[in-house]
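The following block contains the structure, expressed as structure tokens.
Labels for the chains are A, B, C and D, by order of writing; each one numbers its residues from 1.
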Amino acid sequence: MQRNRFYTLRFSCPDRVGIVARVAGFLAEQGGWILRSSQHADEQTNRFFMRVEVRAESLGIEPAVLRERFAPIADEFGMDWRVSDSAVRHRVVILASRQLHCLYDLLERWQCRELDIDIPCVIANHEDARGLVEWHGIDFHHVPIGRDDKAAGFAEIERLFNHYRGDTMVLARFMQILPPELCRRYLGRVLNIHHSFLPSFVGARPYDQAYQRGVKLIGATCHYVTEELDQGPIIEQDVNRVSHADSVTDLARCGKDIEKTVLARGLRYHLEDRVMVNGNRTVVLR
Amino acid sequence: MQRNRFYTLRFSCPDRVGIVARVAGFLAEQGGWILRSSQHADEQTNRFFMRVEVRAESLGIEPAVLRERFAPIADEFGMDWRVSDSAVRHRVVILASRQLHCLYDLLERWQCRELDIDIPCVIANHEDARGLVEWHGIDFHHVPIGRDDKAAGFAEIERLFNHYRGDTMVLARFMQILPPELCRRYLGRVLNIHHSFLPSFVGARPYDQAYQRGVKLIGATCHYVTEELDQGPIIEQDVNRVSHADSVTDLARCGKDIEKTVLARGLRYHLEDRVMVNGNRTVVLR
Amino acid sequence: MQRNRFYTLRFSCPDRVGIVARVAGFLAEQGGWILRSSQHADEQTNRFFMRVEVRAESLGIEPAVLRERFAPIADEFGMDWRVSDSAVRHRVVILASRQLHCLYDLLERWQCRELDIDIPCVIANHEDARGLVEWHGIDFHHVPIGRDDKAAGFAEIERLFNHYRGDTMVLARFMQILPPELCRRYLGRVLNIHHSFLPSFVGARPYDQAYQRGVKLIGATCHYVTEELDQGPIIEQDVNRVSHADSVTDLARCGKDIEKTVLARGLRYHLEDRVMVNGNRTVVLR
Amino acid sequence: MQRNRFYTLRFSCPDRVGIVARVAGFLAEQGGWILRSSQHADEQTNRFFMRVEVRAESLGIEPAVLRERFAPIADEFGMDWRVSDSAVRHRVVILASRQLHCLYDLLERWQCRELDIDIPCVIANHEDARGLVEWHGIDFHHVPIGRDDKAAGFAEIERLFNHYRGDTMVLARFMQILPPELCRRYLGRVLNIHHSFLPSFVGARPYDQAYQRGVKLIGATCHYVTEELDQGPIIEQDVNRVSHADSVTDLARCGKDIEKTVLARGLRYHLEDRVMVNGNRTVVLR
């Protein structure tokens, strides 16, 4: 079941003739065995996106060496690029509040190694999650977000995130709006799960909004957090059927199931370096 | 395959104790064999909705007699009510334009009697559909909607609808906005298929809007037409998965499949007297 | 959010004229306010199924009295019937093994009162779940199922189920086949989640079977356990899209999400007394 | 909307280091602008699959020349390969019977150029489709399949298919089992739509089978026809939700919608040279 170690190279750059040839040629010269490769050429922006998984053993070099050798090609093509190593665990800090379904769900996936990540700590603005988190052997921090002084709380969250050397921050139904400068500083590293099928029902109480509008499906959206509320690039979405017979409470219950799977799928794509931002859209390379 | 003749009684009224007992008691006294029955009690508006199918043979009376006998009960409970007869074919006038997928789809369902309706005529603001419609033995009327004088076109559409004694008007990708007074006059009798998952992407070019927002699912919505564009009560919706690799053209192609099934399902619910409007929401009794 | 106390009457009986009238009439005489009611008339078997929720307060009597008063009607119509009380918590015993995703999922729903049940104990043939279960304050019993002497293990499971006065037994990926006499004794009270879209891929290793057949969707099925393996009446099913790029491990991971939601939905229908068995099919009254 | 002319190269071969480099290098040398490229490495069979779309204009050569130049590489890697040209229309012969929903659906897609193919003729074992087909300006052939002498009918079908130089044969609810030698002779060129979610409900009357088993979703499967009935490689599948309230007739009606879209999607993948057979599974490169 355990896959062997591999490196993931991903990049985007202006499209032109010869990119794949150059990159694949480079990898072949190093003896690189390609496990999986995917590309996307965006016709509107004329930008090219690529992601390749290469067996580490076939290359026989460390990621740092690979990066050094690849850098001239990246320069030549003007790439925005990254090499990651499957042997290095991603560090994911989870922010939670009082509703724990997404947290339970992520902890189960972590516990059984479906998500092969480190969760250095969970931060919440309420105490509800403490017992569960600590029972899993994970640090828990209660950081209240005061109505009148939110800045102090967010400063503490940022301090903890850095202290624990977090790579990615996941808002698992955190229910608080991050300050703009924090969004800017960690752009592309903070994932949120919004409990509606965006762009419908932005903001507060989306299940109430969905009920009032009488929609026949409800949804959830996993997106990168940006300064504009619920406007960030969408990573993943899904929906479930509801009917006139469902109250707002029923919608919320039914929605929990979508929130969990959509967040888990979006996070997985992000962790596997499949997601690249293209303007306000995402390219998700399978 | 052919179901025996039945009458459908449907109503809504303020909720209270004893409604089902009174209605079911009345039907039992007449010897009525209930084929199917469904109810909904709306807790927010305290309104009760019910739909019953009764075998005509078991009652042994004509619908007019049934209506006469039921009227006192309807009065007593303050019902908004209707009795329909499965032996009387609904008359559906279809409005089309240049894209014919919904029209093809409805004609096939009519041809094989999946939809057991009469289509007295098809009206379109272009000539494209004429051949197909006339080959099916259905009258076709080309009514141009001029940029500067839309009123004349819509007056002619209304005249034709009445001339052909239409019960229901279906906008099968008609792409023109009906004038407000026409919406008011035929409230609850005009169905539209909008090519987005409402309330997202109201108005023109929804697939372009969906592309720009980078959604991961696209949808379609069948709703009653009201004065406010794309704001009418939703009857049915569905979605399909798309990805970053899909152009606007791909979204439009993929969307056609959802438009066809959503319109057909919505129309079917309407024709079977399953849909009742509750404020700006619908109750769809299965 | 908390709904007021209500009684649920459900029954099936041979279909004939006047059943709804009689039942609704009886309830109206008692002052019963109907919250929700649904029926189904099976044309093939000529059997009628009904479920009604009535506000306890409007009746002003205890369930025992209601049962006593209703019994003559039940006799008259030859009903298979039951009255349950929303104030009495269902006792659900969960059987687990080494894969804990369904268990995590059920515990979260129990913890936040989405499932308003008692879980008197969890039984497993491995120790893996102990910590999590006991942290939730629920009794845990490790009952090994020996390869050569399975009977002893199952006898102990039955003893525990009875000792804890369990109403329903849930096999949450228990991975052991229950002995026939146990299936017979608790017919309609034992739910299983099978990790395929039945009737495809009965028995062991369904994800391997699905991979070998090259299906484009994988599924899960919640059903009542009967003597014949994976042949019991189906309560709920769902599927997820997969592709050629997915390994057996990927199918299993993707399948976990469907297993969790399908089991939770099936269990919910069962607990709310919505499921009635009709031959080897189920009627699930919404 | 019209995409510029492009060539599609697709192949499979034993996996090894350097395939992508060699192929992409070759294309880059010819000045080939890659529009879209996808790969799959099958870990079980150690086989590599690839599909590339290249702008014809960027190559500046005809397909025959491209084939000639690529042949040595194909030999070197032991490829099973093909180059197709978007300017050459695929010739699709449709076989129909009495139920016309798939035929209507395909004709609409052809009429509006969603499917940019030639339909040289439609063959059916009943006369029902003649009028519709001929109205579209397409040849229609009625070929009865006698109960006692099916061979003559199938010989005539094969003769017509060859006479019209068909590339692909589509069984659009043809309802007749093709003789084994015909299956062998046109392996990978005959698509069928089966009205169940295979491998469930093989053979006759799948909706009856689905009804009897009480499944909660029904499906359809588009697959290549092989000698073993309903056992060929699956190209595409989908499902729709049904309930206890749906009769066999309802299942069939609801199933029509899935049949249409699944056949159209499967055919599209096939026509775009996305489908490669891998044992009894398919690789569908998006």
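Everything below uses one rule, namely that a contact is a pair of C-beta atoms (placed from the backbone, for glycine too) under 8 Å apart; a residue touches a chain by one contact, two chains touch by 3 or more.
By chain, with names taken from UniProt: A, B, C, D = Formyltetrahydrofolate deformylase.
In this text the structure is predicted, and so the values were computed from the model without any measurement.
In terms of the distance between Cα centroids, chain C is separated most widely from D. A straight line joining the Cα centres of chain C and chain D is 41 Å long. Chain A and chain D, compared by their mean Cα positions, are separated by 36 Å. Within chain C, the positions touching two or more other chains are listed as 36, 243, 245.
Viewed as a contact network, the protein chains are fully connected, with every chain touching every other. The residues of chain D lying in touch with chain B in their complex are 1, 36, 99-101, 104-105, 107-108, 111-112, 114, 131-132, 135, 243, 245, 249, 253, 256-257, 260-261, 264, 286. Note for the complex: chain C touches chain B at residues 17-22, 24-25, 27-28, 31-39, 41, 58, 241. Residues of chain C touching chain D in their complex: 40, 42-43, 197-201, 212-217, 219, 233-239, 243-245, 247, 278, 280-284.
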